Amino acid sequence: ACTQTKSGSGGGGESTGPVKIGLVTKTDTNPYFVKLRESAKAHAEKSGAQLIAVAGKFDGDNEGQVAAIENLVQQGVKGILITPSNSTGILGALKQAKEKGVLVIALDTETDPKDAVDATYATNNVTAGELEGKYVKAALGSTAPRLLMMDGTPGGTVDEQRHRGFLQGMGLKDGDPAIIGVAPTNGDQNKAQAAMENLLQRDATVNSVYTINEPAARGAVAALTAKNLAGKVAVGSIDGGCQGVADVKAGKYLATVMQFPKKMAEQGVDAVVAFAKDGKKPTGFQDTGAQLITDKPLAGLDSKDTAWGSQNCWG
Amino acid sequence: MTTPALQARGLVKRYGRVTAIDGADFDLYAGEVLAVVGDNGAGKSSLIKALSGALIPDEGTILLDGSETHFHSPLDARHAGIETVHQTLALAPAMDIATNLFLGREVRRTGPLGSVFRLLDRGAMREQAQKQLDALGIETVQHIGQLVETLSGGQRQAVAVARAAMFGSRMVIMDEPTAALGVKESRQVLDLIRRIRDRGLPVVLISHDMPQVFEIADRIHVHRLGRRTAVVRPADASMSQVVSLMTGALRPGDPDAPPNLVDVSVR
Amino acid sequence: MVVFSVTTSTFLTVDNLSLVVQQSLVVATLALGQTLIVLTGGIDLANAAVMVLGTMVLARLVTEGSNSVVALVAGFLVCAVLGAISGGLVTMLNLPPFIVTLGMLTVVLAAGRLYSEGSSYPVTDNLLGVLGEGGYLFGQIKVTHGMMLAVVMFAITWYALTRTAWGRHVYALGNDPEAARLTGIHVGRTRFSVYLIAGVIYAFAAWQALGRIPNADPNAFQTGNLDSITAVVIGGTSLFGGRGSVMGTVVGALIVAVLRSGLTQAGIDSLYQDVATGVLVIAAVAFDQVVRRRSR
Amino acid sequence: MTTPALQARGLVKRYGRVTAIDGADFDLYAGEVLAVVGDNGAGKSSLIKALSGALIPDEGTILLDGSETHFHSPLDARHAGIETVHQTLALAPAMDIATNLFLGREVRRTGPLGSVFRLLDRGAMREQAQKQLDALGIETVQHIGQLVETLSGGQRQAVAVARAAMFGSRMVIMDEPTAALGVKESRQVLDLIRRIRDRGLPVVLISHDMPQVFEIADRIHVHRLGRRTAVVRPADASMSQVVSLMTGALRPGDPDAPPNLVDVSVR
Amino acid sequence: MVVFSVTTSTFLTVDNLSLVVQQSLVVATLALGQTLIVLTGGIDLANAAVMVLGTMVLARLVTEGSNSVVALVAGFLVCAVLGAISGGLVTMLNLPPFIVTLGMLTVVLAAGRLYSEGSSYPVTDNLLGVLGEGGYLFGQIKVTHGMMLAVVMFAITWYALTRTAWGRHVYALGNDPEAARLTGIHVGRTRFSVYLIAGVIYAFAAWQALGRIPNADPNAFQTGNLDSITAVVIGGTSLFGGRGSVMGTVVGALIVAVLRSGLTQAGIDSLYQDVATGVLVIAAVAFDQVVRRRSR
């Protein structure tokens, strides 16, 4: 019985109480998603809506995300904002949600196909990776790269996109002999440090380092410092967390590429609120941007300094 | 009559559909050896578990030297000086003989090593353990550091008996202490029981071995179907009479029954 | 449960109950295999990884053009062989199941990622997705084929454990392995069979998983092993082996799913949900303990 | 002399520093009751474990009806028709009486239910279990569905004895089967042993109860320090002589020793 | 090991061995507490979460201007209290440790994340970072204060387990709880003390963790619980309780660290590393099993 009433309630404004918005992040663990959640929550409150935040248990928890979507739909939310763990993992649940008249918006990560959701607000992670790559390449100048790569989680969509983008920016391909080591870090500082220590133990001729995010960068730098290599190696990162910006300012690594989760969250919430009011659905991919942050700007690369960075960082 | 050292009235313990103790009474007097006999499953072990704190009865009272006591754990009974050899022996299999003998009553080194650093005196414990086993005539233990799980059935039982004998300070309860023991070793345990009694401690002995019971007991408590049916003196009764009482072939009031020391008319 | 039905009006609808069951199916199926292994005194840390590899094999073969029946057979074979390897190591080399399945976990997880070549495989095949489909009973309750399969599997396992000699041997094994050996039970053979059968059950779980999410992802179900052990233990099966039941596992799996689902629907954020879940799981088992103690 | 039904020569089993079997010989003839006696830790249980496949000896040979056999597991011995009551009983504690009696030899329903669906005939097994226990005089088991871990010591032992009695098809070995049993129940087990012998099966009985041994045994195997020292006939020897042989107070060759049936001069 | 030293010339340098020890310190310390609990027949799934919360408390208090000694005391208190809660639930309500610590895991993890308010806390404090510092022995081997602390902690625990009555009671408890009860051991008190002491040990692990990485991150050490159990089990301690040793745990923790580090340095890709680790862990335990069987 409830099925029918719910599918009818999608477009109209006949429901009582505040608009309910569901937010499904990949995990609760990553500060990035925490920021996303907090921004969404704050913005929803301001807009007179209620936000219910749910997360998967780990990066890749499609099952958890699907269950979350189902439970949110059951709860009667108007719209769902989701950062999909896997671009193809949750299509069925999204389709069902849409069928029941719920607005579905992807944040941060695209789905595949893209029209599985009504709209996407995200960083273009390939672009972000490319910016990091270009900067590191420029920082090396004419020196031939000796690259170590601190990857994220094997098989993750974002992880793969950044990795790919970085190599594009560097003008390298997977398997190039210039890449002297690759290790997964799961974006975890501890793992990154151990991995870097071990890689350095094998080959200390490194002059450039790719890191999937700022915790990984911190781990890598700690290991480099212990080997007295800090400052001699061009380390780049992605994220734009406040601690990351501070690290750049302190010169721990050269640059980071900032994302704007707050923007994604706010735009997403606005879209659902608007939809609840007049039934208008947003469409397409909205790039929320990626900004290179460094205090050592290099020619040909648009960048902002850490002062700007610390005003716009996300957590 | 003097006050019994240990007394129980109307103990009851039920496990779902099974009644293990069904209103049992019990009296143990100072300085005596009381044998408890009864068929398998009569509830002897359950009774002494209740008396030694291993089991909390559903009903009934226990009196120690005339005053009511409640044992909440075996430790309470132990603190009261009651030492028990359980039928299941209660040994830790993966630990060695000396450790088991002193479990819960470890000996520490003298001086600051013991009082501050709590260092165990392993040598002393080992030595005493060896002495105790020798006293019981268990000479076949080839290595005092052997784990209990590698001991033979009789050796294991000897460890349990030795432990109770060492630490009993008020009374000693033994549930079939000689069941797995050899001829010589059983003799030694009987001697041990006599020695304990001679120290003035009463001993409760559960046994299926009638000659043994008649040899050593001052009184015989006959248990049947979860309660005490009779208490007789070995001098007044024959083995077959006692066996008949156990199996129910003879009832305490019967004309050819031996004189009963307790009043069972209440039930 | 009472709390949920009060705070959220939708919670007690049949529609919703069907949803909760669907959400718990995969973990429940994993927990079914886990129950067998735990009953023998073992533990399986690799079950979810084996299942995920199963989904990968199914999906990739179909994606690359295999017939879906062939893919299904291959998937079952892979899971069964992995179960047999665990069983063989535990039985033949007499290794602790924790270590063996931990090793298997690492290896199988890596194998899945290597085999996936970094991507996930969406499947649209009818046969592979069939367990997610289903009809409506009385026009309201959605009953998927997966649910029916699960009922059948639990029934069969219950029957095998309680009504056949094999089941008794499984319990005896967990109860006291030495006694089981001395009574002349084929200890090794029985233990091996348990790991093998568990492997096959994980293949069914893989099929269920594709029915629910038609996308094979090497990173999925990373907490499936702990989740399944949780269901088993909440269901009252002892991790020391020899005591417990399949029906307990069903209840355990449902309790966890109901908690999760009820808390989300009550509009509680996931971090607070975690707090509540943790407390409620302990409370559920404590309650069970008290009830049991009273009924003795 | 006829070929022994079961024979062992020079068995050895060492556990690190401990030698449990030290070159033991053994002979069991068809239709006899052979008592094995010896001190605690003499190695009796280890010997029969070797004979029943529960333990693989380091050295020595076992011959079944004259031909050499190697038991790799208790199952092998069981398949050969050797049924054993182990001193540790070998029962699964969390399972009920009937289940334990039929463990490894479950009865299935007749017809397709049994052959195809492998359905157990639980009713039949329960019934037979009850019958067996009754035959042993264990009447105090209040509920046949009781788990073995909730049984009294004697009840548990009765279950183990009943099991061996039910299934022995070639010979039955009993390691202290009456240790925990009451007077009446022990009688019943002795009767049972006689009945088994009368069926033509030889029985090995380990016991510390000398009167019992002398009552029932056709021959007495005396074990000491891991090996056989003598085999005597009850008619030729007194109990105290046998006890002296066990403890080493008397040696087989001594002038006042009873006639020894085996040659021990080799060692 | 031999393999590594051949394939990578750097592997056998003292410098490198020091590194491996540093990498294993936190997990080894967690495993020390875990050993105590496993010896009683329990298991602790929450240890890493408790430790992480400990690092959060330390770091946040210092960041917010507390004196670092005060922060340290607070951190130790938090870990001890959490240990006491687990111990209390296990002891008083007689709940399975798996369930209790699973519940604690969920709750404490969430608590850590809530407390962190979404960020991680870098610390530059001298006292909190002191365990990562250290000097050079013979001018070559880096010996950190953390290493020395770990040696002291393992030695004390070894002493307590093997040379004091308390230790014997811990073993007896795991060996046969009923026998322990009947012999008059304070079963409840001893078990509780084990969880409490383990909590304190986790606080030391938190301190060690900040010494190694001066940044408290609520998401760190997510596999710390399994890693520590692995070290315990590889070290030969039985999950059924009552058998095992602290020295085994040291070896277990080092084996895992050496494997990981050696494989990375041998230039093996991480996924193949996982495969190799899984296989080598099983092989290590199997080898140990064979050696022990022969020596009997």
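A, B, C, D and E are the chain letters, set down in written order, and residue numbers restart from 1 in every chain.
What we mean here is this: a contact is a pair of C-beta atoms (placed from the backbone, for glycine too) under 8 Å apart; a residue touches a chain by one contact, two chains touch by 3 or more.
Chains and their UniProt names: B, D = ATP-binding cassette domain-containing protein; C, E = ABC transporter permease.
Every value quoted in this text rests on a predicted model; they were computed, and no experiment measured them.
The interface with the greater count of contacting C-beta pairs, when A-C is set against C-D, is A-C.
The chain with its Cα centre farthest from the Cα centre of chain B is A. Taking each chain's centre as the average of its CA atoms, chain C and chain D sit 44 Å apart. Centre-to-centre separation of chain A and chain E, using mean CA positions: 32 Å. Chain B and chain C, compared by their mean Cα positions, are separated by 49 Å.
Chain centres here are Cα means. That of chain C falls 29 Å from that of chain E. The set of chain D residues that touch two or more partner chains comprises 15, 88. Counting partner chains per residue, chain E shows two or more touched chains at residues 110, 113, 271.
Residues of chain A found to touch two or more other chains are 28, 58, 154. Against chain E, in their complex, chain C makes its touches with residues 41, 43, 45, 89, 93-96, 98-100, 102-111, 113-114, 226, 229-230, 233-234, 238-240, 271-272, 274-275, 277-279, 281-282, 285-286, 289.
The touching residues of chain D, counted against chain C in their complex, run 54, 73-75, 77-78, 84, 86, 88-95, 99, 103-106, 108, 118-120, 122. Those residues of chain C lying in contact with chain A across their complex are 8, 10, 13, 15-16, 19, 22-23, 26, 113, 116, 118-120, 122, 132, 140, 209, 212-215, 217-223, 260-261, 264-265, 267-271, 273-274.
Those residues of chain C whose C-beta lies close enough to touch chain D in the complex are 163-166, 168-169, 171-172, 175-176, 178-186, 242-243.
Only residues 1-3, 20, 28, 50, 52-55, 57-63, 66-68, 70-72, 74-76, 85-93, 153-156, 160 of chain A touch chain C when the two sit together in their complex.
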